Structure formats: C-alpha cells, structure tokens
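Each of the two complexes below includes subunit A, the first together with subunit B, the second together with subunit C.
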Partner chain A sequence: MSEAIKTAAPVEGEPMPAELKTAEIPTRRGPAPGDPEFLGALRDCCRSLLAEGHVQRIIAYRETPDSLRPEVAFFASPEETGDLVWDLFCNTNICKYLLDYRTFEGRIGVVVKGCDARGVVQLINDMQIPRDKVEIIGICCPGQIDPAKVESAAGEAWVSRVVAGPDSVEIVTEEGTEMRVPLESVLTDRCLSCRKPNPPVADVVFGEDQKGRISDEVFEQIAELERMSSAERDAFWNRHFERCIRCFACRNVCPACSCTKCVFDQQEPDWLAGERNQANQHFFQITRAVHVSGRCTGCEECDRVCPVGIPLRLMNKKLWKDVKDLFDSPLPGTKLGVRSPLVMWDPKDADSFE
Partner chain B sequence: MKRIGVFVCHCGTNIAATVDVEKVAESARHLPHVVFATTYKFMCADPGQKLIADAIREHALNRVVVAACSPHMHERTFRKAVERAGVNPYLMEVANVREQCSWVHRDKPVGTEKAAALVAAAVAKVARNVPLESGKLPVERRALVVGGGIAGIQAALDIAESGYHVTIVEREQSVGGRMAQLDKTFPTLDCSSCILTPKMVDVGHHPMIEICSYSEIESVEGYVGNFEVTIRRKATSVDPDVCTGCGECWNRCPVKKLPSSFNMDLGHRPAIYVDFPQAIPNVPVIDRANCTYYLRDGKCRVCEKVCPTKAIDFTLEDRLVKERFGAIVMATGFQTASLQQYPEWGLGTYPDVVTGLHFERLVSSTGPTEGKIKRPSDGKEPKSVVFVLCAGSRDEARGRSYCSKACCMYSAKQAILLREKIPQAQAHVFYMDIRTAGKDYEEFYMRAKEEYGVNYIRGRVAKVYPEKDHLVVRGEDTLLGRPVAVEADMVVLAAAIEPRADAAALAQKVGISYNRDHFFSEAHPKLRPVESNTGGVFLAGCCQGPKDIPETVAQASAAAAKVVQMFSKDALVSEAQLASVNEAWCIGCFLCQPVCPYKAIQPKEIEERRGRDKIKRTVSSVNTGLCQGCGACAVACPSGAMRLNGFTDEQILAEVDAVCL
Partner chain C sequence: MAEKLVTSEGLFTMVEKLLGRAQVTAPREENGIAVFGPVNSAGQVELDGPLPVIPEKSVVFPQSETLLRMDLGGEVPKVEAVEPEGEQVILGVRPCGLQAFARLDRVFLEGAFVDPQYRRRRDHTLIIALTCPTVKRSCFCRAFGYGPSDGSGADLQLTRLPGGSFHLETLTERGGEFVAEMEKEGIAGLTDAGAEAGSAARAEKARVERLAERSAAAVSTEGVVEGLDGMYDDPYWAQLAERCISCGICTYLCPTCHCFDICEKARGPEAERYRCWDTCLFSNYTLMAGGANPRPTVRERLRNRLYHKLNFFNHRYGEFLCVGCGRCVEHCPTNIDIRKVMAKAAARSRAQGVSVNG
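Our next item is the complex of A and B:
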C-alpha cells in the first residue's frame, strides 16, 4: 500500500439488511486529483490490491491516443496498472461494467467518481452484486471536462492536450498555441449542477470532500415545464421524442437498468412495436423513465450518451423530485440497503389518493 | 383448435333492458374462434347452467365466455358449471355487461355496442387462457380468537363445541369485554352479567379452550390453514397454576386508589387486581407501573406475605409464545369516542357529563356506587338527566359519518333504568332520529316514551354549561322550531362506538384490511360479511362495525361456522391464479419482494448453463401457500419476469387490443 494513503473513519451509510451485510472496511484516504502524487498513489493502490489478491480485476481508465478521451479498461494483473489513468476526461460511468462480473469468481475493484459510486451502490441495493465483491476506489471529483466544449473553444485547431488547474484550463493545440479558459466554461453540463461529487460509500477515497456545484438550472427547467399547458408540454416532448433512434444507449449505460430481458427486447408480448410513430416513441420514453424512477441515481449518463441529445435528465429529475416529495427518501445510490421507495410499504406513506 | 362458446345473459331485464342481447350474441359469432353464441334469461339459474353444459358437449367447446353480472357475483358459479362439463374452470371468462354496462347506460344502442366490446375483450382473453390447477394446502385444526368479549366468547364456544381446539387471546386480565360492564340489556332488560357469566365460566372450563388473558398478538406469519402466531404473555407476577383466586392479596394491597378502567375510572382498584368479581380467569395480575414493589426496589411485598399458596412471583417476565393456528377470528370490539372534538359538551371538563358506558357502571349493582345512581361530582342523586344521542356519530364534518347503531336503544334502556331507580327523576333525550330496527325494539322505545314518560326532544345539543349546582343543556327543538334549555344534574353522552385505538396496527400485523374509520373490512358487505379479505381470518362483533349483542352473537356464531367448515375439510384448495416467475428473465433484484403484502416471495438458487459453464444464481420464487394472487409483484417487476397466472400481460393486452383496435 502506498505511503500516501492514510486510514480515515469509515464512510457513513445506513445499516444494511441482513442479505447485504458485509464486514465494515475502514476507508483510507489518498491524495486529491491535481496533487502531483495523485496518479502515482492511485496506480500504487490498484497495483497492490491486485498484487495482494484483494481483487482479481480492476475496472478503470486507460490512456488513448486522443488525450481528451481515455477509455475504460480492465486490469487483471499488477503489471498492467502502469497504463491506468484518471484525469478530468473520465466521463464514462463505468459502474455498469460490474454486471459483466455477476458470476465472476473473485472481487472487482472499480475506480469511481461520486456519480459512478452511486451507480455501484444502486447495483448493490438492487442486489445485482454483493457489497463484499466490490472494492470501491472512490475519487472526490472536482468536475469533468466535456471534450466537445474544449474542441469548440479551440475552434478549427486540433487539441493536443489540456492542463487543468483549479479554476481554469490551459488548452494546447497541435500547432503549439496555448489558450486559457475558465474551468466552468468547459465542464460537462451534469457537473455544473452536481451536488454530490463525493463517493457516498467507498473502501478507499482519493482527495478531500468536494463541495460540488449548486445550480438549480435543472429544477428551474422542470418548473418551467410544469407551468406549461399540457399541449405545450406535449409539443415540447414530442419535438425531442421523435428524434429518438432507439439505440437504447440510455438504457444500456443506466445503473438502474439491470434486466437481462428488458421489456423493450421482448417479443411476446411485443410491448414496443417497431414502427416509429408518436405512440411508440412516447411509450418507450415514458416506460424507461418510470422503470428507473425511485432508483435513478441522477448520474445523467443517459443524457450524456444520447446521440441525438434528448434531455433525459429532465424526465429523470422530475420523477425523482416527485418521489422525494412523496416519500422523503434519500437520493438512490447514496445509502446502502435502501430499496426503492416505490416498492416499499409504509403506513406513514403519503396517500395522495384520498 | 380453440372452440369458444359465448353465453349472453338477460338477467331478467337488468341487462336486456339496456343491451340488445341478441345483437351482442350475433356480433360474438363473428369473433375469432367463436363457434357458438346464444342468450338466456338467467344464466346463473339451473337451466342456464345446463344450457352451457349442453352446448359444451354439443359443440365441443373448450373455452367459454359468459356475458353477465360482475365476476364477483358468479364467476365461481360458472367456473363450477364448466368444470362439471369437463372444461378447466380457468378457461371460462366473465364479461361484466351488467355493473359495468347495462346499469350505467340508459341508451340501448350505446349499451349494446359497449357490451359487444366487453364480450370481444373476454373472447380475446379466453383464447389466450391456459388451464390452471389448484394445489392442496394442509390445515392446522386449531383456532385463534383475538379478543374475549361476547363475540370472542361465543365464537370460541361454538368452535370448541364442534371439537376443535381454541385459544383466546385477551388483552385485559379477564374475558368479558364491554358486555361485562353493562347493567341490564335491551330489549328484555335482563341482567347483562346473569347471561354473560355462565358463558364466561363455560369458556373458562372448556377442555378445548385455552384462555391467554393479559396477552397480546406480537406477530402473525403464515397463511390460511397455517398461521404462525407469536403471542406476548405479559408478566402477571402471579403463578396461575398455584393461585386459587382467594382474594387475600387484592383485599390487602395497600395501594388502593388506582382508577379502575373496568369502572370507567369512576371507582378504584388495588395494584394487584382482577377486573371484576366474576373475572375469568380468576387469577389477579400486578399492575407493575403502580405497584410499590416495582416502584421502590422491592419494598412492600404484602401480597406475597398474605398469599396462602405462595403464588406471587415478582420475577416473572413477559413470555413470547409461538403457536400454529389454521384460522383466526378477530373479535377486538370497540371503545367509545373520547369526544375531544366536541368541547361544547364538556366531557372531561364537567364531572357530571359522562358517557353511556359510565352510566352503565353507575347503574350496575357491581359498580362503584353499588347500583345507586349518584352523580360523580358530589354523589347526589340526580333529579334530571339529559341523554344526548349521536354524540360524535353521524357527523361527517368532525370525522365520523356512520351511525353507532346501539345508542338509540341503550339510551332508551338507560332512561328506563333511571326512571325505575329514581321514579321522581326526569329523563330527557336529545335525538336526531330514533332508529329501532330490530325485533321488539320499536315496542321497547314506545314503552320508554309512554310507560316511563321519557321526554324525547328532536334536535342537536349546542352547549352544556354549569349553573349553580347543576348543568344547563342548550339546544334546538327542531320540531317546535325554537331553542330549548334543559336543567340537568347529569348529562349522558351516547358517545360514538369506534374500533379500539390499536385496531389499524393490529390489522396490519394480521394482514387484513380496514376502512377509513378503522373497522375491519369484510370480504363482501352482503355475501361474505364475516370473512376478511385474507383467507382464514374471520370477523366477529364490533371490530367489524357497530352492533348490539344479538347481532354480535349471531356474527360470532357465523364466524365459528366458517372456521368449522374450514376445519372439516381434509385439505384446503389453494388459489390457482397465483404469481409465478419466469426464471430465465428474473435477475434477482427483488423489487417484487417488499411489495408483496403476504410475504410470499423468497429468493431461490438455480443452476444455469452459460456457454460451457454451469453457474448458480439467485432468482425470485413464489410460495403458493402464501400468495393470494393480488398481482402487486407483477407490477413491481421491471422486466416482466413475474407474472400473475390468469392475468398475464399477453392476456390483458389482448383484451385492450380487442376493445381499442
């Protein structure tokens, strides 16, 4: 274990139901991203986890020729961890890859941001993977950069690398020109309104707790939608839904979508007919949003991956707002052992039907 | 080959008046797989059922649709009819063309069109039905009765007399309930104790009845025929096997002035006590919250010293006893409303404003005044008493819309008792309506008015307030249309009968439903009035709704008959329309588990082939003994792995398509 990692108090979480219970592993803390020691310490940590047999696989990121787009990688041996990276371009939520290890014999380490960690916790709470099978290597996330925003800031020029500082980033082009832009101008949309950048549950944490960014933009947009007449709202969503090409990327990346036989893939009954009419487009969108409601962790990965830019976050957040108002439950994925409020009975539940 | 027969019922004119049944049959003939369609005046009657059976044989039908009344009414009838003719009962569907069609439409063409659509939906569904088989469940032939009032006592005696073991769980020290608190009973004015005590003695001595008094239900698990109940036997501090009930202890206990809840706090009891002299079991309990021994670290011990049989044991602790029962009778009775929402009547403020139950204790010869009616404030004999009916009942605005049913009659009784005991006293009754439906009830009320000169004033009481040494009752005489003020030495409020404070919590423990007033709900208000919605749980007495003693006893005997009927079978037939899991699709997320109100869903490990490997994984499984086929799990399951047999997605969608496409 690296010297830089010191032991800290365990991360808080609800007591787990019996079937989820596992020995409490004390959380250790390592240096923050941005600290010159950070990457070395992270690699050391992953290396020793593999070397000492604590885990048999690590899911993390690896450099690619495109420095704005590291890729997800699976590390099976200590030697491979030299390639491992973590920078401000690790946008992909990797938690979903855990499902490929449902029947893997051995433990898996995952290197996760706050939003990814919620996905891991949600998979645990949805009983898709036992807590003790996962080593959660958490990073208190300073916010991720949207490569597209960097590229548009650079204009015509090719970007060769980006050096991130605490408040601004330096963009270096192929031609060697350097330009400095404020960090906020290139952060991803979801990070601009991220309130929970710290992993709620982890075995190792890198960095000190981040404050996150408190923007109400999403909820303001939702309020605006709520104020619309139903015809206006219908027109609003119709404009978006009709563009959906049903690639199912939104579902595939979603930590709340763990079904092996998703309703949209079923033939008998064929819930989602092939024809791209308004009814079917709406049916797909509404069904997906409702299926994940109460379990959607608000990671906004679906929104990020949608190739046609449908603002799925608005639907997800609206449903979350309603669930929270009705059942006063914690954001999914922030506490171990919490089941979706939509499948729990409690005599104290709001009864808005009376 | 699917061969569907459609049978459209006229239901006299109930359906035929607003639905052209012939047209409906004709349109059915053109539906896929339908090979026969006809109509008949009363399908449920014998000839109607025979018509179905004959058609099944003649046209080789293998599926049937009956277009008639709600399946709630006759689904079972028609299932049996087709089964007798050799068709699996679940290959029969009812199209509800009465409650959902003819009764709600006036226009015949519209009604006809809708009926045809409902039939088309049922035909589409039945074409996708598969035969279902019921399983068999063993029965534990022991009954649990919760509550030992007259309802619980009667039910227990009837079940025990049929030869089955019964356990009564009673919260108080003694069985008897409210009836033990009453003085005389309408309409015959026989003494309540005189008719109740022999029954109490019977349950006390019956070899097949065990009384767990001073006990409560901790938890209920299991299902019809196989409940597993944990009973909390509260620590009594007295060994029941040794105690002879001699009374030395309760006569000598130095703590004498504790309010006696049996006497509605009008009298006192010691810290070691029996509820009343005829208590069954006649074994006292120590009220630990008020006993000096427990309050002052082992001081006092008087009872222990005086007990000739050394029955006192201060070290006893609550015990949790787990027992198996096949059936449960709920008989937890009622309490009367606190009337906090009615400050204008002054209950709790003026000592001489009391409720009917207080008055019962004041006229009872076993009560705190030994049967002499004395007003609580100064013990004076009242010369004028005002009875207020509907106190808290029939008042939607302040929470209770229902009629408490017994008050008209018991207030007439109490007025008569007052006039008998104090002939010079005046009795006034403020009422909204007088309801005397019941054998000899109207006559009883007329006697109160005519023979006993009880003064009935129609109107609501607006205010009760003290003046000098008496109370004034102000109200409006709505027959004369003017305000009235009556001087009274005592005011007796016929406080609303409501379920026990813990009724809802108990219902949740037992897994039965209750209405908005927290009375336990019967499975059908007319046809299944003593069954709850949960198999094997039956209802008796005031916990199901306000009623008087004759009705309570009748319901208790009916509940007992249902229990005995269940116990007389070798095995129970389990429901066939239950949930089942498509294991290949199930991902073991168990979103289905917490929604199941009957705790029927458990994890199960299966082995599966993955390529060349064999893997183990956990999926959901349904306990067919526990599942009641409610379908909640099927809705919670995101991927559709959970299905409700008889109501699968394919079947429902086929119905929707038949109506909408």
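Our next item is the complex of A and C:
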C-alpha cells in the first residue's frame, strides 16, 4: 500500500452531530460482579431508571431454569426487574436489539459488557441510534463462561449451577456432586484473548476496570495465515467456508451489520443465490468480512454463534489489523464520534479521486 | 435378527471397504465441531463425539441439488431430469436422526406426489445407527416416545461396549446382506456376538435409557397440541419474537425441517433448475411478487416454525415434527428454548380445561 494512504489518515470527515459528543466518562460506579451486593445494586439501578422515567425499556438478561443459558429480556416496568440477572453466562451480545428501537419513542437502557458496549458505540457512530437515546449500564467483565465447556467438564452428569470465583469455578451437578475447574478452562474462546473487557463509554459502570486476558494466540494464527502461500490460504478458507450453512446468524448478531436491506437478502438481482457452491460460499463470507472491516468491533459474537465453527474472528481480526496499520484508527466502538476510515472521504485526501 | 461383535479395527476396515463402493457420510470433527459429512478415509469417522451439529437429513435432502438440466441453445430447448447417482451409507445415525428420517419420509413419499429425488436417495442409502453414547441435558427424545437406544428405522445398529468393541445388530434384510457381504470379505475382528456381548449391549442400552429418564421428567408433550390450538393470537409470540434474531440456525440444524426453494440459473445456453434449503425464519420465505408478505415480522415467522413442529404437523400426520434432538436448544444464539414453548402450551391447555386425553 502506498505511503500516501498511510499519511492521509486519519482524515477529518464532515463535523459530527452534537449528540455524539456526550461525555464518555461515567459518573457513577457500582459494585463488581462477584461482590455479594452486585446483583441487588444492578437491579436497583435498572428499577430506578425505569421508575424515574429515565428509560422506558431496559435490554438485559433474565434467569431461566437452565442456569447456563439466561435469556435476553426486555424490561418495560420497574416491577419486572426482580428476575433480571447478570452472571458469567450472559454471552449474548444485546447491542443489536437497539436497531429494533430506532423508531421507539423513549430511551433504552442496555446492560453491557465491554464487547457489547463497543457495539453500542459503533451503532451510535454509524448513526443508527442517537447517543442520548441510550442509557449505557456498563459492566467491567471478568470473562464469560462457555456453557458447552462446562457441560463437557461435567461429563454425563447434568449441571445444576456454577459458582464462579476469581480463578476457578465450582460446578454443581443435579446429583449434588461438586467439582472445581480453573476458570480459564471454561471461559469462551473470545474471552481468553479479550484485551478490552471494560465498557469504553457508559453512563454507569459496575466494577473496577478489569485487565483482560492478554493472549496473542489470535494474532499468532493470523501471522501464520499471512505466511501461507495464496494457494494454501485458499485451501484453508475453503475447508471452513465449505461448512457454512448460510444461516446468517453471523450477520444477524453483528453490530456492524446495520443495513436496512442486506445485499444477501436482495432478490432482484439475486446477488447471492441459494445454491451451495464454492463461489457462493466465498462470495458471502468475503463480502461480509470486507463490508464490516473498519467497523467490526472485535466482539467476536459472529464467531461465538457460528454453529459450524468457522473461525470468523481470524478473518475479521486480520482485516482489522490491516485497517489499523493503514489508517492508524482506534478499535471501532472504543471512542464516540469516530468514523471508520473506510466509510468517509475528504476532498483534501492525499490520493486523487480519479 | 443376527448379532455380531466387531472390534474398532474391524469397523475401521469395514468403512475402508465401503469407501470404494459408496459415498459414506459419518460424524467427523471439523475445527472442534462434530458434523455429519462425507468422509474419504475411515480415520475421519468419529463415533464417540457429541451429537453432530449438522443433522443427518443432508444425506437424503442435500442443502442444494440439481433437479433439471437444460440446453437452451437449439430451436427447441432440451430438458433433462437429473437423478441422484450411486449408493450411500450413513454411519452413526442417532435414534433422533432415525425418527427424523421417518418424518421426512411422510412428507416426501406419502400422498399423491412422491419426490423422485428423495425416493432415489432414500432407496440407495444404507443406514447404520449408533446407540447414543451419552445423553445431554438438551436431549428430550423421551418426550416423543422413544429413547437413545431405539434403532427403529435403521438397517443396522451399533452399540459401543465398555471394552471398546461394537455390538452390531442387523435390523433389516438389507442390513443382513451388508453383514454377509462383509463376512465374505473376511473382515478381521467381525465375529458372531456371544451371549456375553449381547448382554453387555443390553446393559449399555439400559444405561443410556436411564440417563434419558432425566429429561422425561422435565419435558412432556401432554396438552401441547391442544394448548397451541387456542394460542395463535397470544401476545406470547410477540414476546418470544422480540428476542429472536431471525437467523436460520434452528431450522437448518433441525433434522426434520424440510422446506426448500426452487431456483434457476443460466450461463449461456446451459441452464439448471435446482432446489435448496429455505427457512421460514427468513423474510424472503413468504415474500410474494409485488412485495406483499403474509408473514411480515419475526413474530409470524417464529410462530410458524414452532406451530409446524408442535401443532400443524400433528393435525396433518398425527405426530410431532419435533424429535427432541435439542440442536435448536443448544445452538440458539439467544437461548430460545422449544421445551419452554411446549411447557407454555401445556399450561394453557390445562388452564383451559381442554381434555388432553380425548
């Protein structure tokens, strides 16, 4: 890539609307997850936001009989918040639901981890929802647990509940047996290499800043991919794309996918035909990766939900690395008012437009 | 029917033999995920892993398949029907997969129209079932009246014995022919099962059935159909849909979902008509020419799927279109749980005092 592109960025695009310039520093802090006071304080916070009319809806999680799989829930009144929950199984990134509230008259509270909060900020930066319509209730996230890893650790016994400590978790089975395993052995893959567990923007924050887990594994894998010949790389991705069933879960959870009509849903012309062949599998995967690059917040929700285990994070992180190297821009979703270098232009750009 | 004992090595050799004469589909591991997929060496077969994410249905109902080939170059277009070719073996089908095949058979083979593609594939597929090695919390087969050791619908059934060998049971004539053929090949490690192996297999089956008992206590089909009869316009569907991201995971991983779309493509004079999986969770599914859509929001789409599984199919065929494999429960990105929908419908049925036994 030419030097001109490198020095052209970051460029100042058109001025950002005023609502994007809201203060980024949270004014209030609550107890951390793991503190006995935490859940009560979180529920109180949500209850009073609804009771005092600061928000008309809160998107968070609700307890279910299967304690490893709390469900996303939408709280409309203070009375409903009694079964609001936040624990280490709140894997689902809820930021995308904000798009359902684009025309909602009222403010929406969202209970978000670091990765979810970046999605919220990205939606704000992409002009999908105004900053002042969202109350960001952030949680400094100690890492989330993969229910499948817990279940596999428990073997044939059914897991009744999991008590998480700072370094280990206690798995209690239905039969009443208990076992203790290291926390890292059951954390989700994305949490094992999470560098940004704290919400970058929030109105209220629970817990003190977490360090995150500094693992270079993903970037080592990317370096390995970069060293491959293009034929080897092609074979690598073919092997994975072949499995894609095109359920579109990756797109539907993605905070960078906010088009009102996705190109893959268009019928005239039918850009992506239903036929399963190599060209179509590549067209879908690569088009989506390139489309979200520069706006992908690295939440890895796509990687988490992919039922067939396509290592989407490798593709997205590689593209993020390239955008960062070329344009020196911050990780998308970490700063309000930042436009992705790939979605803005400037008449004074060092490169010509011809 | 005949009972055999086969060592892991013997089974390995059998798969190697099969590879030369049929397309073999079996559970295999891909990037840490178990899937049913074509294998090209016996070493890829992974029978001890979890229930494969990709269901068995793709063997008889592939995600996309050509129906017609056309040559539009001449004065009169030439159209030729494409028939699936060759023999197939599907190894390691779980009891829920067998139940699913039985449901698909009713859709594709019963009634006035017999689907030729499906018929051809089904007739040329040998089914080797596997007694589930374990029962997960998401499994709820017992709610549908069968269990993890039920081989009904298979040609042969494998049961892994504690020592590592497999008990191989012949269930159909076709299965018997296969075993005879393998014996003629002189597979080392394939012997008649003695009384000991037979009772070990029965003990193993009893063990997994006991594991499945746990789900029987938690999930029931009683009152589900009746409850749903009166719930079509319930606000519940909107609440559930609020959380649904309208992806295709539950339908594409479902062993019984069988909706498809028919499309055509042309390049130069050569054209093809093909069909491919479709899902009622996608907005395009019911989109009509002119832009009208009778299922405009996720509420109608999700409701349709759940009714098809738990009500519509029952009214037409007298059985559920859900077989309790638990894939949708385990893989839903937002934890929508069909068992909770069943419980909700059952509760409604009780509240209405509808007779559930009549």
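Brief remarks follow.
As a convention for this text, the second predicted complex is superposed on the first by the 320 of 354 C-alpha atoms of A that agree within 3 Å, B and C clash if a C-alpha of one lies under 4 Å from a C-alpha of the other, contacts with A are read in each partner's own complex, and residues count from 1 in each chain.
Throughout what follows, a contact is a pair of C-beta atoms (placed from the backbone, for glycine too) under 8 Å apart; a residue touches a chain by one contact, two chains touch by 3 or more.
All of these numbers come straight from a predicted model, not from anything done at the bench.
After superposition onto subunit A, partners subunit B and subunit C are found to sit side by side with no clash.
In the superposed three-chain model, the partner touching more residues of subunit A is C, compared with the other of subunit B and subunit C. When both complexes are overlaid on chain A, the residue A:S77 reaches neither subunit B nor subunit C.
Contacts of A:S258 after superposition on the shared chain: subunit B is touched, whereas subunit C is not.
Contacts of A:Q278 after superposition on the shared chain: neither subunit B nor subunit C is touched. By the touch criterion defined above, A:T177 lies against neither subunit B nor subunit C after alignment on the C-alpha atoms of chain A.
Figure legend note: subunit B and subunit C, brought together by superposition on chain A, show a least Cα distance of 5 Å. Touched by subunit B in one complex and by subunit C in the other is not one residue of subunit A. Listing the residues of subunit B that touch subunit A in their complex gives 504, 508, 516, 584-585, 587-595, 597, 603, 610, 613, 615-618, 636, 638-641, 649-650, 653.
The part of subunit A that touches subunit C in the complex is made up of residues 64, 66, 69-74, 92, 96-97, 100, 148, 151, 155-156, 158-159, 174, 239-240, 243, 245-249, 252-253, 265, 267, 270, 273-277, 301, 304-305, 307-311. By the touch criterion given at the top, residues 19, 102-103, 126-128, 258-263, 266, 268-269, 271, 291, 339-340, 342-345, 347, 354 of subunit A touch subunit B in their complex.
Partner subunit A is touched in their complex by these residues of subunit C: 30-33, 35, 37, 53-54, 62-64, 134-137, 211, 214, 242-243, 245-249, 252-253, 261, 263, 265, 274, 276-279, 282-284, 287, 330-331, 333-337, 340.
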